[in-house]
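Written out below as structure tokens is the structure these notes cover.
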């Protein structure tokens, strides 16, 4: 693919720029692009959000909650007993061919699988933040299954970080209907649109900060070209409390021991700040949405 | 499709030139169908249709199964189109070809979506047992317009088919009777949808160039096609002109009228073939009626 | 001496040959002392040469054979040509009469050519050329317009061997009628032909197609199929004179005809009888002048 | 789409429910000693042998008590459709044997196996001199015969594959030993097995090139304080150095035998 | 499931539209960064993104057409686009059929003979679905092709119409589609007034074909006005920015 190549002069330009703390779009090494956030766009979904990095990556996430059965793993009694009381989260990431021509046909299969597994691992483990026990309806039998589908609509680098941000916003936006358990164990879903609750623990859902090692330094929020110049990528998942919820090196290349510690530190501090900003934006979104609900809501892309 | 199956420039231009003069390679007029032969039987639900050199075989079979959860009181109709390299040389065996999708989707729409066969009558015990009717459609030889031939084969096979008679013996048990014991029951056919395909070549202001029932050479060079599915009540069940040369609305309306008259003739042929086949079967049944065997007892949960 | 058929054979049949010095053609294989057939077909023999004439449809190139091919690509200095064999044939730009580096043939993808196989080897892609051994075009080259019939190889071979006999006489006859027909028979199962009027080509196409499965009486066959044209022109002339004649030519040696007036029928009867011993050219001449007799 | 070429097992398989009183498993005794007699920072003993597969260019087998993994390396061979790039391709495929886990694994590659393949690829590429092998491909096939903890399995697979690549005589910058750790109740359990893994709150897999002091891969899950992570990384790099000497021994053995 | 009357006593439909009223259309060309041309369109609650790449080198050698460009169309449906979450297979027959129809609709319109041996890809992503899949795909693709600057003979605009108790209705939504009433989709070339696509899936008497088609054509013309205005405004803006007077 010609799009995955970078010329030596471009490479040199980027490496030197990073060295001088000045990137092609004027940012410093640790500056994030502006994040534009919208919620509640897909009425078929229980929750949805769209995040954009200005003039670049665009991710849309739809969350659907459905009633499903609890899967019991019979091999380990102790573990099974815990799982019987929990709901489930199912994640899926899809890179649409709309975003980049390299995702056409079967081209996106590998990256879809890699991202899906990564997101699934983070959100399904104890670090996922969500209170899965609250999603259980009848222990051992029925629970809410939270389907999180992320769709990458435009590709301008740094997809993973944006996917996590969007998922967090979409989970905030998700309304789980109230349920009543009747005598014969039939689950009745409340008809009243106003009777809903938020998924507990959404604020502890981690976000990812991806650090790109270019030359001997590292940067955050890389563009497409910068990603091509990257030697090694480290994604650090951080939650609101500043805890590390996952670390993963992505792609080829290796990282020196000392640099690794430095990158983890930076990832954590940037992540915590970003979460604070995002939470502010989410609150603002609520106000905007309330305002919008009065008028007829028109298309998000058309309005943008 | 492999490059071998393509036509040379000479052939393309020749066929176009002859169509402009109103002649087709096989001496047909532009509105003529090729000779149609429908062979039904000897088994119930076995139909072989020949349209010129195009040959399609349809075979209906049935079994008792559980119904779909969302339709507990309806039988199930499965149309299975088998496209093999036998009739389509150079077929890519990996994923379904565009051609195959169009054929199977059009048949599904014509027969299933438009409820040509009564499915509610195929329910035996609600939520537990229904008849599943399966039509296997095999394409034996493709000399063009395989879709029309397939639609004739499918509906005539369904109209010819008879399922064994059953009696409900208990809450969850039924007895299936053999043909010797009780006469098998035909399916309830609500209407007979038939496909008529048009092929369009160059369309200019003064003269439209198009034919009915294109053969494979005509199919190869046409700039677009249109399939109209009409039934015996003069209802259009499916109309599919998926792109291709732009047409004026008058042409489309005219085509629908042509299709209506073609369908009438084809349905007459099917009825005749059914009569002949039924005559044969009734003779056979008279001979067998003396033998009385014990019915097979089926016991499934 | 012609090849003559010996018997029908199937793969695995043994052929007993007395002579020791023999030539084996396609479909025969020597296995130690015996000769085994590897194809189903008719065993043919001429002196010490043996081969099996089979009804194969896939062409296997052999040097010196004439083929009709379709251009499917240009690579460097050669055309790639589909001749119906397992591999595409190569047609160098210089393999045309008077072709030079600067004076190249102008063929496009999809065009048909009539060519001769210059190199056939199972390990190399076949090569073809549009000249005879003397570097002359000799009928080879691009085939303009016209139509092509794909048929079995055997049929092509039959037509090809009868070419001189039928095709040429046919040609003559039709030319006299003002119908020009050009025919190129490829031994790769493709027959190209071209007439001025599309209608005539379709008559010829259908006649050829029908004749494929028929016996050796194809000569009559083709005549028969061209009957329509002959009759058409007859019809025209006679109708102008107010004479109508209906004719049915049976392949079993019987001809039926009918006219309104007995007198005319008798004239026709005698004319036909006379014509029986005539050459084809004379025959047509006679038909042409038939109106005068009336 | 199901694979029609082989006889299918049932679509859904369920492990039998073992009727046993749910006694709580004690992971640590009062002396901070683990169930199998190890200390917290001890790794299991390793058996590592090269050259088991005669047809492969390089191969290795690793065993950490219950965990058993075989790896075969084929190549470098010519890349079928070479895309333009100055480097060679590395193709990793990992497969759990159908009988390797408590639940039967389907015979085709599932999404977890695809991801693990990707992780092993990422861990190994920094060590292999792919820049010397343009237009070539190296195939690494790893089969897990028995799985006793997925994180430790991944680490063992990386170790095993790296030895197999070295055995194939492919130029490398360094060997890549890998090690895993589990976070349980705020303590770090090195090289945990399946029972410990099920009770963990997080895990870490680290692969490390000891001579270059570079980390080729890191994968951590679970909610952990930053300094605990740093501690775990230290412990893992230490263990990697131990594994490194075992890897060297296994590679030297056949050469010494030759003499 | 309760079936409401599709047309209420005042002649208004369930969503408050008149029989011959289109749903609101919002559209915008050039919304994506990586593609050569893109567009976003929503018709009521059906929302669709389109991206066009090309003309570019043909990816598979076997598919090269020596005298014209190859057109490919791929439609994907977001997992959350329908009321029931369903992960659709990439090769869903219905989507493939629509993709094939979209492809054939544009084949005679795009001047493919100008780009031999190359390829033009059209990708369509449905974000939310509320009826009218074929029509929105065609409309979105038209806008994206215009944005990509691919030479076309004409615009294509599509619209659907149905018939319910002898009343023809325009632009069906999902709940109307699920009633099983005849629905007809038309793709129109507004300049030459010709039809490139016409699809009907449910029984309709031959005599009624004309009136339903006429309704759909009327709708398609309105769609055309909207699309035409949007792209004219957009291009006008662009030109004004680059040539300040």
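The letters A, B, C, D and E name the chains in turn, as written, and every chain counts its residues from 1.
Convention: a residue touches a chain if its C-beta (ideal position, glycine included) is under 8 Å from a C-beta of that chain, and two chains touch if they have at least 3 such contacts.
All values derive from a computational prediction rather than experimental measurement.
Participant: Among the other chains, which touch chain C and chain E together?
Facilitator: Intersection of chain C and chain E contact lists gives B.
Participant: What's the chain with its C-alpha centre farthest out from chain D?
Facilitator: Relative to chain D, the chain with the farthest C-alpha centre is C.
Participant: Chain with the smallest distance from its CA centroid to the overall CA centroid?
Facilitator: E
Participant: Quick one: report the Å distance separating chain A from chain C, using the average Cα coordinate of each chain.
Facilitator: Distance between chain centres, rounded to whole Å: 72 Å.
Participant: What whole-number Å value describes the gap between the mean CA coordinates of chain A and chain B?
Facilitator: 50
Participant: Between chain D and chain E, tell me the centre distance in angstrom, where each centre is the average of that chain's C-alpha atoms.
Facilitator: Centres of chain D and chain E (C-alpha means) sit 50 Å apart.
Participant: Please report how many Å separate the Cα centroid of chain B from that of chain D, as a whole number.
Facilitator: 56
Participant: Find every residue in chain C that makes contact with two or more other chains and list them.
Facilitator: Residues of chain C never touch two or more of the other chains.
Participant: Give every residue of chain D touching chain A within the complex, in rising order.
Facilitator: Checking each residue of chain D against chain A gives 14-18, 20, 22, 24-25, 83-85, 102-103, 111-112, 114-115, 118, 121-122, 125-127, 195, 198-199, 201-202, 204, 209, 212-226, 229-230, 233, 237.
Participant: Residues of chain A touching chain E in their complex?
Facilitator: 42-45, 48, 55-56, 58, 60, 62-64, 66, 92, 94, 96-101, 104-105, 147, 149, 151, 153-156, 296, 298-299, 301-304
Participant: In their shared complex, at which residues does chain B touch chain C?
Facilitator: 3-4, 6-15, 17-18, 21, 23, 25-27
Participant: Provide the residue numbers of chain E that touch chain B in the complex, in ascending order.
Facilitator: Interface residues on the chain E side: 91, 93-94, 96-97, 100-108, 184, 187, 189, 192-207, 209-210, 213-214, 217.
Participant: Can you list the residues on chain C that touch chain B in the complex?
Facilitator: Going by the criterion above, the answer is residues 70, 72, 82, 84, 108, 110-112, 143-148, 192, 198-199, 201-202, 205-206.
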